[in-house]
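Heads up, the next two complexes both have subunit A, just with different partners, subunit B and then subunit C.
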Partner chain A sequence: MSQFSLMVRESPPTQVIDLNGYLDAHTAPQLESAFQDLVNEQRYNIIVNFRDLVYISSAGLGVFMAFIEDVRNNNGDIKLAGMSPKVYNVFDLLGFPMLYEIYEDEQQARQKFIDSHSIG
Partner chain B sequence: MHDQLDISDRQAGHSPRPGLAFTLMAIAITWLVIMGYDAILAGTWQVSPEDYGVFRLLLPLLGLAPMVLRLLKPDIITDDREAYKTFIRLTVANFIMAAVIAILQLLPNSYTAGATPGSYFGFLVGRTMGLVTMLGLPLIAEWIVRLFHYRVRGIFSILARLYVILLAGLLLLGELLPFRMNEQTLESNIVAAAIGGGLLALGLALSIRSGWLMNLRKRQKLALLGLSFLGFPAATVMHLMLRDDSARGAIFSLMPALAPFSTVILLTLLFVHMVIFISALLALPTADAIDRRNDEVTSLANFARLLTKSLETEDLVETAIALTCDATAASAAWIGIREEEGETMHYGDTPKLPAHVAERLMKARMPRGATVAAQALSSRRTEVAERVGDTAWEENGTRRELRSVAAVPLLLGEELLGTLYAAKERDDGFDREEIVVLNALADQIAVALVHSRLIHASMERKRLEQEMMIARDLQQRLLPKVMPERPCYEIHAESQPASIVGGDYYDVVRFSDNTLALVIADVAGKGASAALYMGMVKGIVQALSGRCNSPGELLARSNVALHGAIDQRWFATMTCAQIIEESRALRISRAGHCPTLLVRNGKAAFSRPNGLGLAIAGPELFDANLSVEEIAFHEGDYAIFFSDGLPEARSIDGSEFGFEALLDVAAEAAARGVDAHGMRDAIVEAIERFAQGEPPTDDSTLVVLRWR
Partner chain C sequence: MQSHTHYIIRFKADIQTRTEELHRIREVVESEAIRFGFDRETAFRMALAVDEACTNIIKHSYAGNPGNMFDIEIATLDDRFIVVLTDRGKSFDPNSLPKLDMKRYFEQCARGGLGVHIIRLVMDDVAYNVTTNHANQLRMVKHLG
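Let's turn to the complex of A and B:
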């Protein structure tokens, strides 16, 4: 019933996870293993692209919360980009903009990674 | 006339008619009465038939009437075995009758028709012969008629009926026609001859239906062969004896009606014996095969029946092992059932088989090198290993050995449930027939195993459902039974989980300054885990509220308590609204929860003060981002709190109700001046109309506060 898929691609210096469909308790494990793989490979510059994401539940939100600390402890970040107004509202109600950087466009997020690395 | 296979007939068994004892008594009594009549009233030993008065004529018919009634409505034979027993009774009765009459014949019995007897003794002997015949014939006739009616259909049903009717007719004729004892009765009258001839033809036709002996056991067929072989001459002897003049005179002088009757019956008996003899002879070559086939069918039928009774694996295994040994003449059988940890062997209690022998048999090598067990698993077919060595053991002092083994995979569709093993003492194991039986048994065992599993799973599920129902009940009790009501405000509140239990709740807390506050919360997730956390959150919030005097404080303290309490991904949303009665105001703080819907002066809008969800971040971030809104109301205004189950309610086409639609509904209802319950109805109905029957996917909570 829940249609969901994701794809991971290189966009140096970042890895981009493209989300597609419904992210809920059934499909959240897929996102979780994608994050886990990236962390195992020590890729800590992660952008999540929400352009094709239709819906996210509390289980989906929980996945981000599970990895953010580890990623940030390794000088990386999970930046969120391309949300539809509806999906953004879900994040906004919870106050996620205070905790995560949310951009309209994937390139803005990527640029932020480039900038922060050139400074650091 | 109706078809003998009519169900009602079957179930009735007997229709009302004279009992056997009564029938025989009637004949015996008639015998006495007639003797008495002859001796006393007619003053002679024997009244001549030409001198019969009406009474004397009808007396025998009266005595025979019960017999005729019984013949017209014979007992129904219900199965082949009963038919077999009926035939045996028939033959035995015939033997006994023949023997008795033969013995009596040897004694002096001087009796010719119409003449006076030479002595009292001879007279008595003659009369006794008569009685024996008169009692024996109805029995034999009845059993013959029962056999003729067994499993009879269509034309044969009609013929069987006709046979009895003609018999009755023959009796009547025999009694009413004045013919003389010493003449050949049948030929003396055309009608009688015709009826007699017809009866014999019918008797032959009906006795040919001997299919009932097909399914008897071999030894029963042999018994039939023997009995019919002896019965043939016995019937012949009887027949000849009864044609003897003096015997005839002795026997039939009292009831001449029985004379032609006896001829027909005895000749019919002759036909029946002849046919049974030939049929039994022809059935012998296939008797063994049929016995085996029937045994197999019985085994499988037994197992199918026991299948529904055995729910426990051990019972099932015991039954399966016993039946396998029965049906294939195996000396031992055992079953390996696949579980997560591997295959568990079940040996059952009998026959006792040492584990090492079973191991050796299962590991017997096949010609292609694999063990018989492995081969069966890979080919998914029954494999047989012959001439297996090293499989002897001592049991109660006797040496036992199993030299061949069959491994039968238990398959249900594609799933392999285990393996059935059967072992024999013979070197050359199992023949094709036995393998077919093993396969059939294996199928049944597989079904039984799955059946048992399903039943246990179903029972477990039922138990869990019951527990869920109890949990649901308890969770409903965690919600406040009664919402506070004051002159200046009323509150309606409700919460529905999406499944049986859920993670939403609402509550009323009392702050340290004794003011009341509404709390509405949504714990991450759904179902049982969310329900557990909901209980925890409610407890924490209740405990903390006594030390707070503002919603912001309550949320901040709750966040400290909850942050890290479960794990990184868990969180909760909450809105807390302190009720300030005196100024008709609400002080609202929001921790990540849905905005509050306010309807003031007929206009609907959302209140969405800043605030992170609970347990997402530590106090530094949480407190820094938390705000409080104080909102003043007037009479007739509403404050509506809800959880995301409402705006996320889905319609059939997948679209969501949305936040905006809530504004419209609330404004419209407010314009009508509804009370709190009325506002709730308006919202619920609007969502139901939108959803068009689509069930809710998230927990839904709705709290309406109306100022008055």
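Let's turn to the complex of A and C:
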């Protein structure tokens, strides 16, 4: 049974990671590896699209913590989009909205990247 | 309080120390919690808390070594939903960790410790002890209502 899958695609000026299924200690290494590849390629404008994600545990949250500093130090960001109420509740439970920008959908997150680039 | 005055074991299983097992454990906890009367949102969080506790056993007590087993028991007593995890790996008392200050956690871009924080936020009582035959036992309780 495939519990989790992800896909990375380009949506200039951003890279979008689409998540699908269950993100836990078993599947988080896949996301970690996707982030590592993007950072290695110096792609720092990252949107994570949660639209098809049904579950996240702290192992998944830990991946965002692992890369946020590096990405922001390179003038990028990790913006999160399209969470179901269930998944949002896990982020909210731990106060993650303090550290991460969370948007209704991918387009809003992308627009935010475009706006910040045109200003800065 | 007439219906649940006995300690009733709802589920009991030996679980392999593999992260593949987490999915099945969550499903059992969530469905048993709903059956006991918790709303879906609370049941979802309880499954998350138990996932975190099992992940810690698999990753830390057994250092990710998949060849071991631990035990899960789900029981109810009065208004209490009780999950007991028993392992024979490295002892770790989650109550020994200080309470997380998330603002500071984010400022330092820290890692780790989130699982225990979730368990404490979701469950009402978290007790840890080492039994007389050297097993580690984590008992998590959530009250209905």
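In this text, the second predicted complex is superposed on the first by the 118 of 120 C-alpha atoms of A that agree within 3 Å, B and C clash if a C-alpha of one lies under 4 Å from a C-alpha of the other, contacts with A are read in each partner's own complex, and residues count from 1 in each chain.
Methods note: contacts are C-beta pairs under 8 Å (C-beta built on N, C-alpha and C of every residue); 3 or more make two chains touch, one makes a residue touch a chain.
As the structure is a prediction and not an experimental result, all values here were calculated from the model.
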Note to self: By the touch definition at the top of the document, which applies to A:22: first (subunit B), second (subunit C), both, or neither?
What the structure shows: second
Margin query: Between subunit B and subunit C, whom does A:99 touch in the aligned arrangement: first, second, both, or neither?
Written below: both
Notebook entry, point to check: Taking the superposition as given, does A:3 touch the first partner, subunit B, the second, subunit C, both, or neither?
Noted result: second
Item checked: Partner chain in contact with A:58 - subunit B first, subunit C second, else both or neither -> both
Note to self: If we overlay the two complexes on their shared chain A, which of subunit B and subunit C does A:69 touch? Say first, second, both or neither.
What the structure shows: both
Margin query: Tell me which touches more residues of subunit A here: subunit C or subunit B.
Written below: C
Next item on the list: Identify the overlap between the subunit B-contacting and the subunit C-contacting residues of subunit A.
Entry: 25, 58-59, 61-62, 65-66, 69, 86, 93-95, 98-99
Item checked: subunit B to subunit A touching residues, read off their complex -> 524-526, 567-571, 573, 592-595, 608, 610-613, 616-617, 621, 625, 656
Margin query: Applying the document's contact rule, which stretches of subunit C touch subunit A when the two form their complex?
Written below: 19-20, 22-23, 26, 41, 44-45, 48, 51-52, 55, 58-59, 102-103, 106, 109-112, 114-115, 117-118, 121-122
Item checked: Of subunit A, residues touching subunit B in the complex -> 25, 58-59, 61-63, 65-66, 69, 86, 93-95, 98-99
Notebook entry, point to check: Along subunit A, where are the residues that touch subunit C in the complex?
Noted result: 1, 3, 22, 24-26, 55, 57-59, 61-62, 65-66, 68-69, 86, 89-90, 93-95, 98-99
